[in-house]
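First chain A sits with chain B, and in the next complex the same chain sits with chain C.
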Partner chain A sequence: MSYYFTVMAMYILIGIIAAWGLNLQFGETGVLNFAYVLFVAAGAYTTAVLTLGHPSASGTQQYFWGAHLPFPIPWIVSMAVGAVLGVAVGLVSLRRLRGDYQAMVMLVVSLIATYLVSANVGFLNGETGLALIPQPFGNLHLSELNYRWFFVAVTAVVTLLVFEVMRRITGSPLGRVLRAVRENEAAAVALGTNVVKMRLLTMAVGGAVAALSGAIEVQFIGAWAPAGWTYPETFGLFAAVLVGGRGNLGGVALGAFLVQGLFLEGTVLLPSIGNPDLVGAVQWITMGVMIMLFMWFRPRGVLPERRRRFTTEARTRLPLLLVRAQRDARG
Partner chain B sequence: MNQVLSSLGFGIVTASILLPAAIGFTLQFSATNVLNIGFGSQMTLAAFIGYVCTSHGVGLWYALLLAGVFGGVTSLLLNRFLLTPFMRRGTTFFGMIVITIALSLVLEYTIEAIWGPQSVFYPLSTGGTVHLGSMSFTGEQLVIIGIGVALALATHALLRYTRTGKAMRAVAGNAPLARASGVPAQRIVDLAWMLSGFMGGAAGVMLGISLSSVSFTMGDTLLVEIIAAAVLGGVGQVYGAMLGSVVIGVLLEESAIVLSGAYAPISAFAVLIIVLLIRPTGLFAGTAKAKGVAA
Partner chain C sequence: MTEIDRPTAGAPSRTAPLLAVDDVSVAFGGVRAVDHLSFDVAPGSIVGLIGPNGAGKSTALKVIGGEVKPTSGRVRFDGADLVGAAPYEAARRGLVRTFQLGGEFARLTVMENLLVAVPGQKGETLLGALAGRRWWRASQDAEVRKARDILGGLQLRDKEDAYAGDLSGGQRKLVEIARALMARPKMLLLDEPMAGVNRSLARRIEETLARLRSDGIALLLVEHELGSVERLCERVVVMANGSKIAEGDMTEVRSRDDVLSAYLGRRK
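Right after this comes the complex of A and B.
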């Protein structure tokens, strides 16, 4: 049981990290990144090939290249890969298209990426995926259970770090600009914001955070395959952000706890009914219905974004201008 | 050369399936300005309804018709009772696409819950093939081509030569103005969604016949091709969608000669990316520009 608690704790923490990354893009800036899980996968695969060692040493698994690097390096490289990929995807889809159109293109990117990796066995072992990925803290010689709790503790520290980064971004002038892009693009442009640059920035930062969550996950579970990052996974994270309250870090964490932890992973504890595929299918159906219900009854989530108050005159100017610009645009 | 020609045969079949699908997708968008990601799953659902019909002894082509009608009715109901209420509430474009994708999840996994993750098969005749030069078609494939072309021509006739079609074009161009001029906009939108659902449902069964099987994730791959065709033609442009379908359909099959079979869907994706980078409004830019979709 204690063993299972470590698994739950890990999934919840990883879910929270991933949901915060998505919140920066979708909650704060209004970028509908429907390819989000692709960045989680990029981080996971990067860490996998950077810890597995040279392909010839790993028996039956095929992958294009590999190295054997010590603990923090694979995670850091994963984040860099996530950021670069974020900018690349953003450059194709974000520049000249309306928001929903961008989202559609992202979804296509996600579908095709899954397809490509599955079809090309020599690249990342195709549909079977990579397994036997080495654990990061093997040289500590801890007992099995202590090792797992240690891993949870490390992840908790990483979660706190990500929280601090997110808090600083959203609380800063940059955060205000991002929200301005979300609320009223025309007004933000009128005030001299380079909207595309801001969106690309959140693609990079959010991509890095997504990749980090994937890197942690793949080292904890030791395997990664295309079935684990199909497009509905992105909507699990969207559901977390929507349910919790987009734009509210605490709310998003709560959403991730509820959706990623209790809803998606907690159901493993339920006694199995009927065929194993049925539980998964019913989960996704419920997820879709839940998204619709929240969009209808509580579009701002359980813990809505707090209205930000600014004290000094200098700080009030930008939001005020935006409000005015918004009013003019409507009126 | 022979290979190119025989692939062209397959390309024509694929294009004929994409034709109604892309027209349907585009009709929905031009009528209500909603990009319906759930379209692929609606098609898959209709294809399964077609399967249920055939397994109850209904003939293949009647099953296609029934699945089309089913697709039309569900599409109408979905728009009336799910999407329109959200639109009325002032849900943004962002919100709408989240709703349609949630819809896609619900439909796709409802199919899996009912029929399971394995493919189901249509009963196909084992009749002979017809040879046209180095192209060869089965009887079913010829009928598919016929249906695809007929649906495209019917759409053309409807939009060009009837009052209803004129009203549809008016609503697509400027809904408030059309309403002010006495066009019953709501009824026209309903009709557009019903037609698009019918096209989608028919295309789902046509794809099922062409592949001889349908599975619950069929809509995902198909959606990529539909979007590629619609974007290439210029989203919201019915004639653009027709042209896009033919180009994408032929390209998909021809590229299978150069790339190995598993990679063929990538050519549709490559076209999509190139179009987005060079000319995101598509070949026929009118609607995309007017609706502010792409600059």
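Right after this comes the complex of A and C.
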């Protein structure tokens, strides 16, 4: 059972990290990045080749290049790759096109990438994908279960770091400009905002975060194949953002929790449905219906974006509590 | 009646113009929305741009503000060419446009709408944002105070926490003007700031615009409410079918037959 809990915790944390990256792009800036899972995959493959070692040492698996680098270098390089890829995809799709066309181009980019990786066996082992990817922290000599919990703990720390980065960005003047781009591009330009630069920035930061989630995932499960990052995976993350509440970090985390839960616990539907192929279909249908219901009845999600109020006096918590205590004593 | 100093009509000033629109044309498919339009705006002056619906006024403002690239012609502002520059350059050089409709950031509060306009804020870069509140808090506080002053002047102080999308049409117009002022403009391009606004609010806007002029901010004002145009503008440019058909002070322009027929013949 404990074993199962580590898997559950990992998937939820990884899902939360990935959903926060998408939230920065879609929830805050309004970029419909339908290629999002591509960045998760880029991080996973990067970490895979940076830990597997030279291809000749890896049995029958084929991949274009490999190294054997210690933690956390593969994760950091993965983030850099995600950021660079984000700028590259952004330059192709965001520079000149209107929002709806941008989304189409992203989707196409995602499909092409899946196809290319699947078709070129020599690149990243094609359809079969890469396996036997080494796990980090191997020199700790922990028992199997303790090791898994240690991995969960490291991931939880990373999740907190990502939260802090996201909180700082979205709570800053930069975050405000990003939301302005989302709300009204023409008005933002008329006020001097370089909208393309802002979108590329979120493509880079969101791409890095997506790649980080992929890097963690690939080392936890030890394998990665094209079937795991097809475009519907992107919509799973969109569902998390929409259901939880775009622009609200807590809401998005809740959304990721719900969506991942649906996919993990979905297997309990198996006995009542019978056909194992149907389970996947039912999960996707449930998610689609969930997105539609939220769009209709609660378009801002379970926890909507907060209204931001401004105080200029530097308030600290303590005097405020004192003021309350005084008021309560009087009243 | 409030005192709005009405500049004496006369020849355009001899100083170098702040804005020079030079032979600008815009074609949308077959439609010539703007047709060989030329005029100047002197620093610190108010020029009206009037004409019937569909005359090409908004399109002219969009070209000047950089949003629409002209088919031909040049726009110079404060010595710099704007046609070849990126669309956001106009604002960075001090030329800020407001919108005829829908210019607000609906799901940002009024205060946030104003703060977005502040140029080059601390904390607006990735590193600045990651540095955390302590890095940008003081400079933001200064801007918040300034924004409150501006909102106070427009009697919008109590709306600072309201979402811009929840305001009335007139209040949104005021927010747009307030926001444009936060951008530290040398000149504003105002697209019908008084349209759909009740009389008392229109009055307030008119007073605000007069005050801007005395602060040395130049204005190009597109407006159908000709009374306000007459009170505010020392010079008006009249457009019809994309072309300039008259230019001069309001009394002069009013007396011309072609202006009258353009208005009477085309007004809905």
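Note that the second predicted complex is superposed on the first by the 299 of 331 C-alpha atoms of A that agree within 3 Å, B and C clash if a C-alpha of one lies under 4 Å from a C-alpha of the other, contacts with A are read in each partner's own complex, and residues count from 1 in each chain.
Criterion: contacts are C-beta pairs under 8 Å (C-beta built on N, C-alpha and C of every residue); 3 or more make two chains touch, one makes a residue touch a chain.
This is a predicted model, so every value here is computed, not measured.
Student: With the two structures laid over each other on chain A, which partner does A:8 touch: chain B (first), chain C (second), both, or neither?
Tutor: Neither partner.
Student: Which one hits more chain A residues, chain B or chain C?
Tutor: B
Student: Based on the superposed arrangement, let me know which partner A:92 touches: chain B (first), chain C (second), both, or neither?
Tutor: first
Student: When the two structures are overlaid on chain A, which partner does A:187 contact: first (chain B), second (chain C), both, or neither?
Tutor: A:187 sits against chain C, while chain B stays out of touch.
Student: Counting only touches as set out at the top, which of chain B and chain C does A:105 meet: first, second, both, neither?
Tutor: Touch status of A:105: first partner only.
Student: Please work out whether A:285 is in contact with chain B alone, chain C alone, both, or neither, and reply first, second, both or neither.
Tutor: So A:285 only meets chain B here.
Student: Residue numbers of chain C touching chain A in their complex, please.
Tutor: 65-67, 86-88, 90-92, 96-99, 102-109, 111-112, 115-119, 121-126, 128-133, 136-137, 140-141, 144-145, 160-161, 163, 179-180, 183
Student: Within their complex, state which residues of chain A touch chain C.
Tutor: That would be residues 165, 168-169, 171-177, 179-180, 183-184, 186-195, 201, 205, 305, 307-310, 312, 314 of chain A.
Student: Show me the residue ranges of chain B that touch chain A in the complex, using the header's touch definition.
Tutor: Interface residues on chain B, with respect to chain A: 35, 37, 82, 86, 89, 91-99, 101-106, 108-110, 112-113, 116-117, 220-221, 223-224, 227-228, 235, 262-263, 265-266, 269, 272-273, 276-277, 280, 291-295.
Student: Spell out the part of chain A that touches chain B in their complex, as residue ranges.
Tutor: 30, 32, 34, 92-93, 96-101, 103-105, 107-108, 111-112, 115-116, 119, 231-232, 235, 238, 242, 275, 277-278, 280-282, 284-285, 287-289, 291-292, 295-296, 299
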